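Note that chain A is present in both complexes that follow, paired respectively with chain B and with chain C.
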Partner chain A sequence: MKAIRLAHKILRTLVRDRMYYPGRLLIDTFSIVARCGVLLVLYWYVFRLNNGIINNTTFIVAAWSMFFYFAFSVFRLRDISRAIMQDVQSGNIEVLFSKPISYLSYRMWWQVGEGLYPFLVISFFGAIILASIVGIPATMSTYVFIPTLVLVFLFGAILSLALYATVGLLAFWIEDVSPLFWIVDKAVMILGGSYLPVALFPNFMYKIALYSPFGASQFITHTVYGAWAIEWPVKIGIQIFWTFVFVIVVSILFAKARKKVSVNGG
Partner chain B sequence: MMKELRFALYATKKNIQGSAELRTSFLTNIAGMAINNTAFIIIWVFFVKSVGVVNGWTSADIIGLLGFGTLSFGVVFSAAAGIRKLADYVANGRFDHFMLSPKNLLVRIATSSFNASGVGDIIFGIACLTTYALLIHASIYQVLLIVLLIAISTIMFLSIAVAIYSVSFLFTDANPVTSGLFELFFTPSIFHGGAFHGVTRVIFTFIVPSLVVGALPVEIVRNISLEKLLLVSVLSFVWFFVSLKLFSMGVKKYESSNFMTFGG
Partner chain C sequence: MNNDSIIVSSLSKRFSFPVKNQSAGWVKNLFVPEIKEIKAVDNISFSVKSGERVAFIGPNGAGKSTTIKMLTGILFPTAGSISVLGLDPAKDRKKLAYKIGTVFGQRSQLLPNLPLTDSLEFFGVMYDLSDKQIKIRIAELVELFNLGSFINQPVRKLSLGQRMRAEVASSLIHKPEIIFLDEPTIGLDVVAKKSLRDLLLKINNEEGTTIFLTSHDVGDIESLCSRTIVINHGTLVKDLPTQELARSFIREKYVDVTPEKTFDSFPELPSGLRYAVKEKNKITVVVDIEKITTQEALRKLLNVFEVDDIDVYNTSLEAVIRNMYESNPPRS
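Presenting the complex of A and B:
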């Protein structure tokens, strides 16, 4: 009950905060237009040069797949690594540890709260704009699409939080986790299907994307492909497996990190 | 001018020495950034493999593009990393200290910080451009062009960075604005150059000059195009003077936060 109250309080406060500063939403929109918008123009041109089909994939499917990746990235769940690292480097961690709340759940809810409002607004309006410009792929009108999209989104969010929290917690041992963060982040970027949609992956790369936690955290980009109607149980199963593994890893690391902290007072 | 350049070199040397004190962090930052950049090569090379050659752009050209982009990024944001902190300096009142310095204000701010990961970008950029020169069997003219274009694209990158971060004077907390604008400029500069055509090519050359940093230099080297060389040179110098003007206009607009602090 206490945990739910904490989550509710954090989410409400941060969503209100974001709503109060509409300029920040404008910046997030800028950012997604700069990355996703330019990329879509690029692919539209490339697909046109290839008579509309590359690797049996049409532009509509590739566009929605990339849009899902960039909309999910607006959530900024990856920033949990930096937030934990800053807490450790600044010493703020000892203040947070002394509070009667779970530090990890506080950080995770904080991250969700920070990205929730821009994610909802940008995803909603982005989806409407994209649908009106390029249309909707047939796979998005199947009956499994919405329920599986919700599931894959939820597990993807939990897995991303656990994956990036694991990187962040390493700051207790190596202090500056930025290089490690860059490597994990780029693995997620490549295998998640950001600049290159998963349908255009070579076979070996597709297998890495399928079975690694980096690709699994972005399975939301797979939902628009024709094979999703058959493959969704396997893919959600893989996602659940990695979520389970990383939740355990993050719990063990956190328990060890707690023992490592020595409060010197001041 | 020479005096300011000497000061900039001295400040950079001291910044590197200070940064290298934390040896492990310094080295892991450099190596981490170089590995991080490899991701873009993987993506675009697989893109070319799947999609084929677009407007004459091969995998080698992508390597050249990333070479120019990361090298100019690395030079500017390692030696002149202070530019990126301008929004913080304005917001927390530290800008007052710089204004009191007898040195050139922009040089003093730019060299106030050093970013070790930028060295990783420089190493990566040099490796890419060397590979590019080998892959295209570059002639001596093309090698000289590459060297000249590194200087031009770095001037362009520096100019745009100064112009973007000068926006810091207009907002109370300009960090989100400057990062959004910077992303709008930098992201297309490491995109596949062959995909920019027609209106997008005009926009990303003259309005948001992202292509001047990477795509146009690659096309100049590949086709030995003197018209394009003239174009990027003129654009770089125009942007350089525009950015200095924007910075001085911003400084005139600056109002001290009057923080009662000492030193720092």
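Presenting the complex of A and C:
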């Protein structure tokens, strides 16, 4: 009960914090419009050169897949790595360890709270704008779409937090996890469909995207593909498997890290 | 009845970390690094009674912050035992956190962008207080700490003095039985320091909160703490009432001598005396009371100089502490 109340308080506090500074929302929006918008224009051009279909995928599907990727990235769940690393490097972790909270769940809720407001605003308005410009793919009107979207989003968020928290916790051993973060983050971006929608991947790359935790954390981009109505149980199953694995990994790592804490000060 | 809030027995903490062996290759350094071990705290024991105000002092690297972090459950001891309010901090960190407050002078726990009131409410929820309890406690703290004039200001816009008052207030939101303060007055001006010390004395008197603080500021120790524990190189050097600290460690007295006219020369002083200040209008002589009595020193000085006025005084607590640190060189 206390955990739920605290999570609710974190979310409310951080959403209010973000609302105090609308400038930050504008920067986030501009960043998404710039990156996603440029890619969409390029894809529109490439699809037009190929009579509107590549690898059985239409531009509408590719555009929505990419939009889901960028909307999810606005959540900035990946930043939990940096937050943990900064806590460790600055010694600020001692402040949180002296409170009656679970450090990891506090950090995870904090990360969700940081991204919730821009995510809701950008997703809502972005979806309306995209729907009015390119339309809606057929899969989005099936009855499984909304419930599976919610599920795949939830497991994707938990998996992302656990995956990036694992990287962040390594700061207890190697202090600067930036190079490792870069590798993991690029793997997630590529296998999640940031540069190229997964539907356009060659077969072996698609298999890697399908079975790796990096790709699984971004299965939300698969929800608009034609095969989603059939493949969703397998894909959500893969996500649950990796979520389970990384929650265990992060818990073990944290238990070991707690004993390794050394903070500045004599 | 045992009213000890804190009981520490044979407490030790060692830190080990890899160091680069210059003569070894990178492969060896990566896979079989040389491990260096530091004894940050070495077999210390003490206890603190409920409601006591204790200063835990020592030079940089003495082990005081490490000890405070073990007492609050942040660090795990390598050996020995700790009981804080009947709990083992390493095993019962969360349970203990409900009963203690912590202030780390060099770190902020407040939410920088939001008004202070949001931080206080936030900590209230963190400590599982009901909305009504939070409201009542915030009102109490606002009055006690005089936060009213800036409670609605974003924390990042507060002055350092205001922020430190807010930090201490937020760590008291749950009425802790003990408050651990790690250098709470660092960086504050004299007025802000005095205000914070007065507030800490007030909560000690009114709420019976035990105060355990580390500080490099002698003013904190003198005006706030009735007892001082001195730690150096991880070992406990002294544990005694603060008033006795100066008395038992005085090795020197100071004598200010004002000349009848001016001092034209500064003759060599007898054994046990040395110049601290040599000016035309005043000299200060340090008397080593282990070598020479004050009476004998004054007699000798009066023989050497033609004196208009003379003033004898003890060394400051700061000098006493400095001498204590310096007389405990690092162990090899």
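Going forward, the second predicted complex is superposed on the first by the 261 of 266 C-alpha atoms of A that agree within 3 Å, B and C clash if a C-alpha of one lies under 4 Å from a C-alpha of the other, contacts with A are read in each partner's own complex, and residues count from 1 in each chain.
Criterion: a residue touches a chain if its C-beta (ideal position, glycine included) is under 8 Å from a C-beta of that chain, and two chains touch if they have at least 3 such contacts.
Computed from a predicted structure; not experimentally measured.
**Student:** Look at where chain B and chain C land on chain A after superposing the complexes, then choose clash or fit.
**Tutor:** Once chain A is superposed (C-alpha atoms), there is room for both chain B and chain C without a clash.
**Student:** Under the stated touch criterion, which partner chain does A:95 make contact with: chain B (first), chain C (second), both, or neither?
**Tutor:** second
**Student:** Would you check which partner chain A:2 touches, where first means chain B only, second means chain C only, and both and neither mean what they say?
**Tutor:** second
**Student:** After superposing on the shared chain, does chain C or chain B touch more chain A residues?
**Tutor:** B
**Student:** Please compute the chain B to chain A to chain C angle from C-alpha centroids in the superposed arrangement, rounded to the nearest 10 degrees.
**Tutor:** Value: 80 degrees, nearest 10.
**Student:** Is A:259 contacted by the first partner chain B, the second partner chain C, both or neither?
**Tutor:** second
**Student:** Figure out whether A:35 sits in contact with chain B (first) or chain C (second), or with both, or with neither.
**Tutor:** In the superposed model, A:35 contacts chain B only, not chain C.
**Student:** Touch check for A:17: first (chain B), second (chain C), both, or neither?
**Tutor:** A:17: touches chain C, not chain B.
**Student:** Could you tell me how near the closest CA atoms of chain B and chain C get once both structures are overlaid on the shared chain, in Å?
**Tutor:** 9
**Student:** Please identify the positions on chain A that touch both chain B and chain C, taking each partner from its own complex.
**Tutor:** Dual-contact residues (chain A): none.
**Student:** Residue numbers of chain C touching chain A in their complex, please.
**Tutor:** Those in contact with chain A are residues 15, 17, 40, 58-66, 69, 72-76, 93-95, 97-98, 100, 102, 104, 107-109, 111, 113-114, 118, 121-122, 125-128, 182.
**Student:** Per the contact definition, I'd like the list of chain A residues that touch chain C in the complex.
**Tutor:** Residues 2, 5-6, 9, 13, 16-17, 20-21, 90-92, 94-95, 97-102, 258-259, 261-266 of chain A touch chain C in their complex.
**Student:** Considering only the defined contacts, which chain A positions touch chain B in the complex?
**Tutor:** 23-24, 26-28, 30-31, 33-35, 38-39, 41-43, 45-46, 49-50, 54-55, 175-176, 178-180, 182-183, 185-187, 189-190, 194-196, 200-202, 205
**Student:** Okay, in this complex, where on chain B does chain A touch?
**Tutor:** Listed in rising order, the residues of chain B that touch chain A are 25, 28-29, 31-33, 35-36, 38-39, 42-44, 46-47, 49-52, 54, 117, 176-177, 179-181, 183-184, 187-188, 191-192, 195-197, 200.
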